[in-house]
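One chain, chain A, appears in both complexes that follow, with chain B as partner in the first and chain C in the second.
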Partner chain A sequence: MTGKIVSIHSFRGGTGKSNAASNLAAQVALTGRRVGVVDTDIQSPGIHVLFGLDEQKMGKTLNDFLHGKAAIREVGYPVGQNTGGGEGRDKLAGKELYLFPSSIKGREISQILKDGVDFNRLNEGLQTAISEFNLDYLFIDTHPGLNEETLLSIATSDILIIILRPDNQDFQGTSVTVDIARSLDVPNLFLAVNKALPKHMNRPEFNKEIERLFNAAVISVMPLSFDMAENASQDLFSLRFPDHEWSKALKDIVPYILNAK
Partner chain B sequence: MADILKKIRETSFFKELSDDASSAVAARALARRFRPGDAVMRKGDPADSFFVVLDGHLKIVTTDAKGDEIIINKVGPGESVGEIALMDELPRSAGVVALDDVDALELTKDAFFDLLDDRLDVSLGILRGLSHRLRFSTKYIETAIDWSQKTAEGDYSFLEQTQPLSAAAASDDAKAAQLLSAFFSMARKVKEREDGLKQELERLTFEIDQERRKKEFDQITGTEFYAKLKEQAQELRRKRASG
Partner chain C sequence: MPGLFDRLDKEIKDKQREGGITPLDLAALPPSLRKIMRLMLRELSMSYPRMCEVMDAMPEADRLPRAELDSVLSELTDQFWLIRIGEKEKAIYKVNLRRKEGSKLAAGIWSALDNKLKGKSPGSL
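Entry: the complex of A and B
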């Protein structure tokens, strides 16, 4: 039985992908599963911040692998062995959670954008990460929109979670993303709303309306929260504040991941 | 006897009467007793007397289009039925039935008008009582009109500014207060429904331009890159499914 690829995507930027992906990965790791997180947002990587990985600590990256300069084995950063410093993250101590970061060096970013990402190479990387780290779940944090790397991530995922804000601007692009995911035969497609206003919370009609628009299941409605904004991606919010409304809504997603076929 | 006098003075119709005038009324009235279900008045009957309830309750009933009974109102101790019909001489507009054991005083039309002829103090007392009720009714009607106008204009501020049913409502304006209270809760329900509809409208503003959706989809899926990607993805899923 091979591990599953879970892509977290949104059509627009700043929707909360990186926060959702990192917190979901952490929640799944807390259940004892072996989890990986790949940052395929090579244009504007960010998820490493949530795991407390900074430029100095960052060793080999996904860019090195894509350019044939490193093996996937060298890229995986064991988060569970590097805790201490963040109150929420400390709960991951001893857990099997590996981060595969993208380079944050400008030169390397422009290089990879120039060369493009090869589907087979990226895919080989993902499959190798799963087999060498014996992963149950590999989360992919993507770049917003529908550029080539994102299409690659969608094409290879077993589970795709599309994050959207309750905003008409998001809806148009999200609808195209849903159509693409269907066309690429993604087996498990879910919608999660983030930055929802109080009027959207606990309103079954609201969820129904979103489901009507996209013909896909809404599995979580996460509130817009000052506490989340205040956290400013410094820490894994759902670990630090497990009983917060946002954390509870995020955790609604977990069973859908664990039960997906 | 003293008991009956006290009860007469407690009715809204006779409450402005002096002791002496109340005795005059008591002397002319017939004590009546009804069993539960007894008809006190029938709809369409000539209005030839009126009743003041001393004990027990009456229901005022009419029938709807299907012939089913509708209870318009209930009347209890201190309240009277049929007094207005006596004065405007129209037939009974509704039936009256005893709900439980009822003690009442009946004043026939003749006895009532004799009383008005003979006793200026009784006439004045009754006029005073009626004026008092009229003044209350007018005040409540004015309030109801004001509230309906505001409701029609969508101004529900009075719901916050008003105490619906003042506990101090005197017995003779309790009905009017009830009407206002009913009006008040109606306005509140109207407002709630309106707020619900507003939310509903807000929710329904989510719309997707389907034509644009299709165009953008075609743009992405029409490329050579996409065709190849789709092929590779299919291949990948086949491989994973088989092992």
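Entry: the complex of A and C
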């Protein structure tokens, strides 16, 4: 097993976790690596939107795999062959990026809530995705907060990136997540601040204070951006606007992923 | 007529129903047990000789001495957190995660919701 698992997590919703996960996966794919993205937020899936996938285009899903109706190789959607037409996403044409989406059908989401999740099957899916697609990196977009799916993805990760906003509620929750990640022996634990105010940008003392609070490296501070809000998850922002301040800050994270042991 | 693989697969699946570890339990394990469980989460299944090879290839500080490895495997197997098929040198280990339970809401609520959602597209939810 050589491919690395990268979990992107946040304790609270609305931090920009899925935007960060999809853009990071895309940036890593642009370097020529083989990349997968799994949406384990089965209760409230959303990352497929950033890859231009809708219900019509969506074939087999993680839900089908979990219910034994599909093999994981049938679930991987080749984004490089179907970029969905966005100006940013089109840059992924020919790249090896596979999305493993969760179902957006109400009945299938309610079935998971009703029946629960076979974690042996979910873990088998994650590990088999790496081997069958020969992935260098498998990104996991987790459900915000701490539930069992999230803990499983953290436990199996080589790299955990926690996204937080400069907000006291996020700080307290992040502290809990960091403690749990440490107790699960995640080898590489990083923090990335998103939606930072202008007063937080390019301020080493701000980064140091967060690092002191959590005893973990802050590898990026991404600004609060109206341009990102305007993008409204229609496209992969960092590919569409590579010179934007947010995109540059996001790209600061990539070497930490590529160089992690 | 089922082959050897089918029989082993069935044996593992039957044993997996008998318990398993939750992701939260993993965080509470002693370091040596957690080391093996993390390894097994990534490898899914592993033979005993292969596990010894992997252990020998680890940096010295991370390595478990053979007696400790055997003791850890025994404890994890006793708890049904690992499933062992076969014995001693021929043993194959497989991780066993406890299933996440479904909702405890009354069944009628789910069938009512199911009927409501029949044929609805995401945009109409």
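The rule is short, and it goes like this: the second predicted complex is superposed on the first by the 259 of 261 C-alpha atoms of A that agree within 3 Å, B and C clash if a C-alpha of one lies under 4 Å from a C-alpha of the other, contacts with A are read in each partner's own complex, and residues count from 1 in each chain.
Just so it is clear, a residue touches a chain if its C-beta (ideal position, glycine included) is under 8 Å from a C-beta of that chain, and two chains touch if they have at least 3 such contacts.
Just so it is clear, the model here is predicted, and its values are computed rather than measured.
Peer 1: Have a look at chain B and chain C on chain A after the superposition and call it: clash or fit.
Peer 2: Aligned on chain A, chain C clashes with chain B.
Peer 1: So, A:Leu151: does it touch chain B (first), chain C (second), both, or neither?
Peer 2: Touch partners of A:Leu151: chain B and chain C.
Peer 1: Could you say whether A:Gln172 touches chain B, chain C, both of them, or neither, answering first, second, both or neither?
Peer 2: first
Peer 1: Would you sort A:Lys261 into first (chain B), second (chain C), both or neither based on which partner it touches?
Peer 2: After superposing on A, A:Lys261 lies clear of both chain B and chain C.
Peer 1: Pick one for A:Asn120: touches chain B only (first), chain C only (second), both, or neither.
Peer 2: both
Peer 1: Name the contact category of A:Thr2: first (chain B only), second (chain C only), both, or neither.
Peer 2: first
Peer 1: In the superposed arrangement, does A:Glu205 touch chain B (first), chain C (second), both or neither?
Peer 2: first
Peer 1: Of the candidate stretches 24-32, 60-68 or 78-86, which in chain C collides with chain B after aligning the structures?
Peer 2: After superposing on chain A, the clashing stretch of chain C is 24-32.
Peer 1: Could you tell me which stretches of chain A are touched by chain B in one complex and by chain C in the other?
Peer 2: 119-120, 123, 148, 151-152, 155-156, 180, 183-185
Peer 1: Can you name the residues of chain C that touch chain A in the complex?
Peer 2: These residues of chain C touch chain A: 16, 20, 22-24, 26-28, 31, 34-35, 37-38, 41-44, 95-103, 105, 110, 113-114, 117-118, 120-122, 125.
Peer 1: Could you please specify the touching residues of chain A with respect to chain B in the complex?
Peer 2: Going by the criterion above, the answer is residues 2, 119-120, 123, 146, 148, 151-152, 155-156, 166, 168, 171-173, 175-176, 179-180, 183-185, 187, 199, 203, 205-206, 209-210, 213.
Peer 1: What residues on chain A touch chain C, complex-wise?
Peer 2: 1, 55, 104-107, 110, 113-120, 123-124, 127-128, 148-149, 151-152, 154-156, 180, 183-185
Peer 1: Considering the complex alone, what residue numbers of chain B touch chain A?
Peer 2: Listed in rising order, the residues of chain B that touch chain A are 199-200, 202-209, 212-213, 216-217, 220-221, 225-226, 228-230, 232-234, 236-237, 240.
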